[in-house]
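Supplied in structure tokens, the structure appears directly below.
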Amino acid sequence: MIEFPPGLILIFGAILVPILKGYVRLVWTLILPLFAFLVILSLPNGNLFSLNAFGQELQLMRVDQLSRLFSYVFLLASFIGGIYSFHLRDSIEAPASLIYGGASVGAVFCGDLLSLFVFWEITAIASVFLILARKTARARSSAIRYLIIQIGSGMLLFAGLTIRWHQTGNIDFGHIGLDSPGGLLIFLAFGIKCAFPLLHSWLVDAYPEATVTGTVILSIFTTKLAIYVLARGFAGTEELIWIGAIMASFPIFYAILENDLRRVLSYSLINQLGFMVVAIGIGTEMALNGAAAHAFTHIIYKALLLMSVGALLYRTGTSLGSQLGGLFKSMPLTAGFCMIGAASISAFPFFSGFVSKAIILSAVAHEGYFVTWLVLLFASAGTLHYVGIKIPYFAFFSSQPGIKVKEAPINMLIAMALAAALCIFIGVYPSLLYDLLPYPINYVPYTASHILSQSLLLLFSASAFIILLRKGIYPKQLNSTHLDVDWFYRKPGRDLIRYIFIMTSSFYNHLGSNLIDRFERFVYQLYRHHGPHGVLARTWPTGSMVLWVAVLLVAYLLFYFI
Amino acid sequence: MNYNSGKPISGLRSQIPKFVNFQNIFYFFCVLLLVIDFSFITHHETSFDSIPFFYAAFGFFGSVIFVILAVKIRKLLLRAEDYFDD
Amino acid sequence: MSFMQEHLPALQVVLPLVAASLCALFRVGYLSWLITLSSSILSFLVAVFLLLRVLEQGIISYEIGGWSPPFGIEYRVDLINAFVLLIVSCVSAVIVPYTQKSISARFGSTEQSWFYCMYLLVLTGLLGVTITGDAFNIFVFLEISSLASYALIAMGRDRRGLTAAYQYLIMGTIGATFIVIGIGLLWAMTGTLNLYDLASRLPEIKSSRPVLAALAFLTVGVSLKLALFPLHLWLPNAYAYGPSVASAFLAGTATKVSIYLLLRFFFTIFGGATFFTETPLPEILKILALIAMFAASIVAIFQSNIKRMLAYSSVAQIGFIILGISYATETSLTGAMTHMFNHAIMKAGLFLLLGAIMFRLGSVKIEELSGIGRKMPLTMAGFVILGLSLIGAPGTAGFISKWYLGLGALEQGEWWILVLIVSASLLTMIYIGRVVEVAYFREPTDEVVQLKEAPLEMLWPAYLLIAAAIYFGFDTSFSADLARQAAVLLVNAVY
Amino acid sequence: MIPLIGTFFIVILNRFSNFRETVTLITSILLFAAVYKIFICVIDGDRSEFLVFSITTGLNFAFHVEPLGALFALVASFLWIVNSIYSIGYMRGNNEPRQTQFYAAFAIALSATMGIAYSSNLFTLFVFYEVLTLSTYPLVAHRADSNARIGGRIYLIYLIGASIIFFIPALLWTLILAGHLDFKIGGIISDVASPGTTGILLALFVFGIGKAALMPLHGWLPSAMVAPTPVSALLHAVAVVKAGVFTILKVVIYVIGSDHLLQTGASEWLIYLASFSLIAASVIALTKDNIKARLAYSTVSQLSYIILAAAIATPLALMGAAMHIVTHAFGKITLFFVAGAIHTSAHKTRVSELNGIGYSMPFTMIAFFIGALSIIGLPPLVGVWSKLYIALGSMEGENSWVVAVLIISSLLNVAYLMPIVIRAFFSSASETEITNPISEAPWFCVVPLSLTALICLILFFLPGYFESYLAEFLSHK
């Protein structure tokens, strides 16, 4: 029986990583998640470990089906990520990834808001190194923005929890709801990490700027942790349905336009989160099962896709759609894995995305949210477009720019193979996943109707792609920037801050020089009167003194007589 | 366009013939599924999906619509690559 | 012993007088110094005994030559003048040991004797003014001390000392004349010169014009003597160009005795705080005191000669004391009296230290002192401590007196006066700080590098005063408590 | 208990004769031992009084041990040990002149700090407060060039000026109102002062205690940065500024009375002012390129947290304030140590010169990272707990908007501290530095800064310790 949160296994284990080299490091980075996994597997459900502090009971190990599921997938993804990043010689990324993963696992088991906050912030801090490690100027500035927003989210959580603490006297992390200001703040905090529309810009800003492995790792934890906490705290919140619907649909447009394939995948990440958020908003047992299942499958296929694009970036040095193409021949395995990932995310039957997305769609339809259902359907079609087809097409099949590169390194291939295998495995044997879900489920994804409708949707959507491409209507891949919400703080916001700086500094300078000026003049005046030659310091003329005597005498006499 | 644009779309045309075989198979599948859909299966998720060819139509026209919308939106959002850099 | 005890008041004055004449007779420098030393110490002891006796049995009245007042001259010692006597004799007793080194370096044996003679005469005069209960006698002693101090000032190293002395002479004489006119008018109105008698007769006729005129003359005369702004003009030169010993002695005593006179006239004789506050005097004094505090401090800031700077600082500090007097409450008078006491200690100490610097360096120009803190560490450390006390840093004597002054102002609800007091202290900080900064944070000049620490004979008297300045910052049972008792007497015009 | 204080005094006396580093070290360790013993006694509930002498009515020179002071003394004396080790490395590494004077003044400053911590009334505190100012002046002006002189002058004028103009009147007024100046839980003027009076009195105290560096009286702190780094580290991150906020805290708890403040709302304005100071100082810090100047403004901002908490005056806020004294001490001293270490080994003082330095000085910069996180108030560093208490306290005082201030400030902290770390580790060094690599700072520097960083980390896991210790003193109310 382990007496401390399993997330700490990874966090403390990470300290050793910079010392280790080569295969020892690989083994160590793989053992840690494996060990943590076994530990969790051995744990019974319940609140297993608590601390008393601040007059509160801090629950650090709340083990139930939901937390179990997320911890498993986090550890699994860490494990795969560990293999994928074996080639790194850098001593920052690997420990940062482990701490990041460990904190996420830790957060999943938190039964109170305060310990959640602690892990929440650790994920923010650890993750920023994955972006910084790219060591480009863009990555640095992006990382700062990322960090501020992430920590801002933590701070909102902090504010929310103090309000709740004050109002209700406890900070248990159960259902929270939007009916109090504290709840609202916490909702916002979760929303930032979950990339709610208008709060999403950090994700598409920072993820594409991270390192090859960094983006893979980043895509796993933060947002899914947010999904987990939303499912805990805000299941059945009506607003989430609308938020989710928007999340599922608006990134499509960006994803179609974007050139950087990793940015495309970042937008697709938001779109996929949208499905889960809708499901949480519906909040029925089935919907929550759907959200959890989708989070599970999504982590794996999104990691797979990012790994394959990462392999491209690693080999070719770019992830821009306009500069890639025709790599099918030089990197066939990567191409294959990428297509498996694409099929999964597009929810082709017998791939993992299908078995989880189907639950959500059914749940939505079942509760009668028709408009939402249509939007999600629409988003599914879009997903196919910009990920399912666009990524493999522009990366591997479009015209040959004449790049000859080697196949991805073996460790990357193994990692991708593992993920790809999981995608297919879950797609074929969904019951494996279903058994892990938080609520009992008797859902059958593979009915003829499901398969057919999904196939129709996807195939005709794909035919539209071909036709549009041939007609030249499909937008060109341009080296460009597409404005997003971050414009507000990167342009006018920045200008405003600069303006404030200039104004305050000129104000200070003005004030300072003015004050100094005045002070100098004042001192000069003083000097004129009080200085060695001033009136008040003149001591020699005896006459003046006598005059003073006379004056004073008269004055006194006058005063006394009055 | 002033932007450093990617490959011209005309360059793609030379690639497409290699696709042709796949394309025929692809179109065959489309038609086959349509036939199956029309003749055998009833959908009952929502009230919409019993409309014949609902999914096919939705998939196709949905895609067309959002691609066209995206092209429109691009006019509003497109900036040079180094737009944010100073 | 009982005889001695009985004649203590006379002894207080006679002792230095006799010693002075002895000095004049022998004209041997070292011997004169010994005489001065022993008489100073003795008169200090006498002052202590007097104080003890006063504390024990109240007012002591001593009839000179056995003529009973109001016809004869009476020496009348109460707590107030016992306190002042103690200040004066104490400062004197501390300074004399220092004098030898400083004076013998510059003067021949005969001149030294004259110096000591003058010194003792000043002491005699000051003690006499303080102890006597007779108005005319006050004038006489005042003139003795004044004339002797003109001579002392004139003995300064600087040629300008002569001019300063001359100026001092004129002003001092005017002051004395005014005082004598005032006394004369009072005599004309009451027919007595005995202060005790005056105190009992004056209240009835206090609003008659001659009395008021007398009051005016006295005010101006005393103000001149105590260097109250704007009648302070003689003081900076006198202090700056006289010998350091003389500056130390006069700064510590002469002005304090004048302040005593002011208190004596206005409170004891005219009927205590009630009368004082009926006149427009408090307001005028308050305004003048405030101007003195600020104007003199600012002038001090701009001075380059440190002695002159301290002289202006004295003017400012007198402003503090007068401010305390102008409130005429128990607390504020306590503050004023305590400040009298503390200021005497601090200023005397500072001048002694400056004398030591002068002795070694030959100059007290501020810019020539750079880096001196490293060469004369003890001297400068002492300067810093006394400077802090002058500023009123807590833990030093200066703090206590300013504390009471501030408290007095607050009791009257005049918090803005408190603000002014502390701002004036800030100005003090600036001029002391200038010296400290130059002394410690500049590289030593060539002259300074060759310096040695001041001789021990000069240091220990100064350190005695420094120790006192610190001691009375913590233990106020002597300074402030006595001052408070004296203040009670003043307020109620008990005599 | 009194013998303990006796030993403490012997230590003080001893110290004046100490002129060598070893002796400094030994004394610092002795002092710490003594303070620790006192601390333990305090935990056991011992509260001794020790009257040295009485000056006059209302002015006593006396010591009294109470939890808050014991805690402050403990932190200061502990960090003195660390700082002494660091000083040795720094002073030797930079060949600083007049080291004797330096260590002596340092020792006096520390005794004054102890005096402040243990004083039992406002007057004693005030005396030591002034001693502290004066004894640190030579440290600030240590370099003795014109910059140092100006810095020193500004330092003195601000601190002494403020204390004379505001603090003394406040003392006098309190004395007149209450008749004495002894610290008493619940305040000594709470029964006699009207809300208006309380407000003005509070203002006098807050501005009089210039060491707390509340805007607009913060100007001395950045200009005092001309001092050698150990001075900035211990004095301007711990002893002096903390003495300032500690005094404010004492005034709020023991003189004015926090309940009284709460009832009268007399500190409302101070909440606003401290919030403004908090944000404004952070914004200014953003614009500073000199590392120490940036840290100085950061200190101004962090001190405002404590003043803010004191102004809120609810039990939880006061707890937060007390904790913040400790947490900020460890965090900021680490940062200053790092700034000094960089100065020692790389001769750099500007943020913009730090590119890639993290690889040459890994320990130093990791320590900086940890310290920075603690200052920002992020887990898993201890800084977060004090902010938590302040936030909870502000809720308790119905000032929930203060939480927004805390959040904005934390984000600003991120914005001005993190770029230093990022530059150090993720920007490449310039050509010349690649050819002339910088070495890690001397071990005398590295060990102390690693130690303080480690403590930031360890204390995070001991929140309950603080709580149980401080809760007791809060429950007195």
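Chains: A, B, C and D, in written order; residue numbering restarts at 1 for each.
Definition applied: contacts are C-beta pairs under 8 Å (C-beta built on N, C-alpha and C of every residue); 3 or more make two chains touch, one makes a residue touch a chain.
Not measured: the values here are computed from a predicted model.
For chain B, the chain with the farthest CA centroid is C.
Taking the mean of all protein Cα atoms as the centre, the chain whose own Cα mean lies nearest is D. Between the CA-based centres of chain A and chain D the separation comes to 36 Å, rounded to the whole angstrom. Distance from the chain B centre to the chain D centre is 64 Å, each centre being the mean of its Cα atoms.
Distance between chain A and chain B, defined via averaged C-alpha coordinates, is recorded as 29 Å. A separation of 45 Å divides the Cα centre of chain C from that of chain D.
In chain A, no position touches at least two other chains.
Shared contact sites, meaning residues of chain C that touch two or more other chains, are absent.
Of all residues in chain B, none touches two or more other chains.
Residue ranges of chain A in contact with chain B, taken from their complex: 138, 252-253, 256-257, 259, 320-323, 325-326, 361-362, 365, 370, 373-374, 377-378, 381-382, 385, 397-401, 448-449, 452-466, 468-470, 472-484, 490-491.
Against chain D, in their complex, chain A makes its touches with residues 51-55, 92, 114, 117-119, 121-122, 124-125, 132-133, 135, 139-140, 143-144, 147-148, 151-152, 154-156, 158-159, 162-163, 165-166, 181, 500-501, 504-505. Within the complex, the chain C residues that touch chain A are 163, 167, 170-171, 174, 178, 209, 212-213, 215-217, 219-220, 223-224, 230-231, 233-234, 236-237, 279-281, 284, 295, 298-299, 301-304, 312.
Those residues of chain D that touch chain A in the complex are listed here as 283-284, 286-287, 373, 376, 378-380, 384, 387-388, 391-392, 395-396, 400, 403-404, 406-407, 410-411, 414-415, 418-419, 422, 425-428, 463-464, 467. Across the complex, chain C is touched by residues 53, 55-56, 59, 61, 123, 126-127, 130-131, 134, 138, 141, 144, 148-149, 152-153, 156-157, 160-161, 164-165, 168-169, 172-173, 175-176 of chain D.
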